[in-house]
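To keep things simple, chains are lettered A, B, C and D as they appear, and every chain counts its residues starting from 1.
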Amino acid sequence: MERYRLLIACPDASGIIGAVASHIGAIGGNILEADQHPDPDERAFYMRIEFDPHDPHKLHDPNQVLGDEWNRIADRYQMTWRLESGAERRRVAILVSKDTHCLADLLWRWSIKELDADIPLVVSNHEAGRSIAESFGVRFEHVPIGNDKAAQERAVMDLLERERIDLVVLARYMRVLSPAFVGAYTDRIINIHHSFLPAFAGATPYRQAFDRGVKLIGATSHYVTEDLDEGPIIAQDTAHVTHRDTVDDLIRKGRDLERVVLARAVRLHLEDKILRAGAKTVVFD
Amino acid sequence: MERYRLLIACPDASGIIGAVASHIGAIGGNILEADQHPDPDERAFYMRIEFDPHDPHKLHDPNQVLGDEWNRIADRYQMTWRLESGAERRRVAILVSKDTHCLADLLWRWSIKELDADIPLVVSNHEAGRSIAESFGVRFEHVPIGNDKAAQERAVMDLLERERIDLVVLARYMRVLSPAFVGAYTDRIINIHHSFLPAFAGATPYRQAFDRGVKLIGATSHYVTEDLDEGPIIAQDTAHVTHRDTVDDLIRKGRDLERVVLARAVRLHLEDKILRAGAKTVVFD
Amino acid sequence: MERYRLLIACPDASGIIGAVASHIGAIGGNILEADQHPDPDERAFYMRIEFDPHDPHKLHDPNQVLGDEWNRIADRYQMTWRLESGAERRRVAILVSKDTHCLADLLWRWSIKELDADIPLVVSNHEAGRSIAESFGVRFEHVPIGNDKAAQERAVMDLLERERIDLVVLARYMRVLSPAFVGAYTDRIINIHHSFLPAFAGATPYRQAFDRGVKLIGATSHYVTEDLDEGPIIAQDTAHVTHRDTVDDLIRKGRDLERVVLARAVRLHLEDKILRAGAKTVVFD
Amino acid sequence: MERYRLLIACPDASGIIGAVASHIGAIGGNILEADQHPDPDERAFYMRIEFDPHDPHKLHDPNQVLGDEWNRIADRYQMTWRLESGAERRRVAILVSKDTHCLADLLWRWSIKELDADIPLVVSNHEAGRSIAESFGVRFEHVPIGNDKAAQERAVMDLLERERIDLVVLARYMRVLSPAFVGAYTDRIINIHHSFLPAFAGATPYRQAFDRGVKLIGATSHYVTEDLDEGPIIAQDTAHVTHRDTVDDLIRKGRDLERVVLARAVRLHLEDKILRAGAKTVVFD
């Protein structure tokens, strides 16, 4: 059966849930899941409703699904909203550099249908991921960096556009994206990076974490904004380490964390369970 | 400000959320939190709404708060429902035997106001918990087992009734309750017990877990039903152990698990975040 | 540089560590890692020493590496011992049925050199794992069950023998092994299975766990003995679930647990970090 | 039975384990636990041996216990070493400010004998902890800050000296210690603080973590050095949080983390299981 997902953000006010839920009922919809989050600090309200449509023939025109009255409700509560149809599978591109653990994991999950999307494209500034991508039947494009970084990024963006990509997953892609790239895919670029307590900057974080003698390592997945590694956090997890763990052990445990945390973030995004809430996310999981 | 919590269970149907939320709006209520869970397997629907009342003066008569129309809505959807007022603090009794770690933890949390309730009574078949209870200013009653088990249980029940107890917490109380006792406090007795993978029966579970060489120990908190240790599960957690842990280490780690898991279950109950759903619970946390 | 791993089990006694460590020194060995575990309950002692050999040319004759005096030491303390050489890579076969998540994960870890072994063979009673095995360049043999279960098992054992397999990994292989099979690979068959609190028997454990409303699911990896699912536990882990998780969500989370826990057990075995200790394991990790 | 713990740090070299273990045997000692950690990066070696003494009458003179030959061994391997006797209970002082959760937890663990030490003194710059300390029969000294910070610190140090304190636990003590204080108790001051991914500085870390939308909160226990909050890490742990958690929920979950992580660090210290290794710790747990 077809499903719709209605995602709403608006100033907090009385009556929103009743107005929305009653309207879904009025158009013959059957609510399958409903989640709300009033944020008293921000005086904001977030809502996600998953429902069966009243008329499966009207799938491709959101205004027809929700009816004319919906616009009046949305205006009254100053809603930012979108309606996603389960009939339209999102198109995902994976960007990767030399470390292929997240790439391999995402493609495997996709192959067993854990991720409800199309993955038509893998792009890399290295050749390392080619055999993995191609073993899953996915097009792999090697776009080396060369002398002209801007040209390389433009080439990547051209590939994304031609494949009509909806979601860009940075699966250990070690290049900084320009503001233009980030702006073209607002809230549609997901990144993964290691996280430590305390935090470490620089090129060899696992080495630094080892030298500092941390007893935990972590991974964070987030939407990419212009502030590198500072976008809204989607998912995080940690694993215990001891003095017996070498730097290689830390890297190995980090791989396991990174692939699970990134896959979780991608799945939640594809199920439309993440709402951007300023610098934060609301994750209805 | 005063808050009400409306808890609903009913057969799943279209329109429930809209009807309930609109009604709360119609009586002037402002929804602060709303959670729903449709259970497609059981064709059941669970809902929790926390709202500001329209008129704080009517606090003590639920029918007045929700108005006459509410009964028609409840009838239409065949609802089982209850309305809890934040103005009426629940009265909690803690039953304990010799192991006092959960008792001490609950009373400490209560003393720093983590638990929103009154705790007027601790009952035990041993003296071990007296000094702890009394150091928190709580009445302690020693009701030893003696020859007549039924008489002991009646004495305990009398104490609970005289103190008008709403919730009975079995904080390592090592006596089996009779069906009459359980029946008098349906969904209002919370127990904690150790849990292992695999499970062990008998008097020395940590010893057995040690002998079996488990790498995890666990704790489970649940509502008590006539099936001992088989009631609806509220919360669970585990901790890693190794061959280096002695039986005493397992017991020590078990204490830490048990007090956290039990405290979590009690807090969720007091915040009316648990709905009984047949053999299961729906926990809106 | 070449490494040896000396694994010892014996009755507990004074002087063992000194005798062993001094002997390693006497033959010119340099101890890289040393772990001991005295078990006071069993009056047993377990030891693992990893050392550089004094003479890399004598790699293939353990008696030459340790020298004649070693046998006297081993006799004096009634040791059961073995010496593993890092020069001889273990040969691993993976047995799998329809669920291929553990197979795919193990082969991927092997491909990035997380597992220090050769994997020349995958055997299955289904065709489901063929494309995965072959994409990693590993021989896949389909041995269907048919009418004669004993004949099928003999065919599997023949394959293992011809490939001189040292370790058999049951990566969701849903067949019970005969005592003859188990006896041929004592402490060299590793299995993975789901684990719940409480435990569930039967064919649909995730369904039963869902119906019971568990808040945790788990996975256990263990050596296979004649008691099905009851062999010495190597590794365990759990994940939290809620009422929002469907049976499919439980199965998905179970996959993530199973592949991590099984991979951990296999890695520990290949690094000779597991000593069998009666019904238990000592894991020097 | 009496136990000794011998703790050794030295440059890595061949033969250490054999020399030490054989010497323990030569003096009639029976090794109960032995742990080693060679650190190839630092070319360092760490060792902890727990043994029964050969002669319980010689308890109070370490040189007599280990014998004259020991000094030659220690010299040969350039060892830094110390011998701790289980007969001498460590004397612990707890310093606390307004948040008393760690204080209450430590005293409770001490009262049930989880912590093998004497706790003769609680010092605070506030009155908040008095009733807790006194309910456990422990002397409480209020040393307010006033105008002269140096005088306040001297008063605290005087109390510690007069009580012959071996270990200072900062159980949410919100004052910076002077280098003189830190220098007087090198590797004998344990602190606890919250930890986040990413890290936050400033006065309201939970508020900042909430505003940043973290999905994990953490706690770190460490030895105090002159670099505030930067000493060698002993123990860490994290807990998951969601958008539903308020700042108060984060603080509540943080309390649970902090008390468990601090108690773990204190217990490990009292069992002499922590060796300082430069900027790190080796924790033989």
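Here is the rule we use: a residue touches a chain if its C-beta (ideal position, glycine included) is under 8 Å from a C-beta of that chain, and two chains touch if they have at least 3 such contacts.
This structure is a prediction, so every number in the text was calculated from the model and none was measured.
More contacting C-beta pairs link the chains of B-C than the other of the two pairs B-C and B-D.
If each chain is reduced to the centroid of its CA atoms, chain B and chain D end up 37 Å from each other.
If each chain is reduced to the centroid of its CA atoms, chain B and chain C end up 42 Å from each other. Across the assembly, chain A contributes 244 as residues in contact with two or more other chains.
Contacts between chains leave no pair untouched here, as each chain touches all the others.
The touching residues of chain C, counted against chain D in their complex, run 14-15, 17-25, 29-36, 38.
By the touch rule above, chain C contacts chain B in their complex via residues 37, 39, 195-199, 211-216, 218, 220, 230, 232-238, 240, 242-244, 277, 279-283.
Within the complex formed with chain C, the chain A residues making contact are 100-101, 104, 108, 112, 114, 135, 244, 252, 256, 260, 285.
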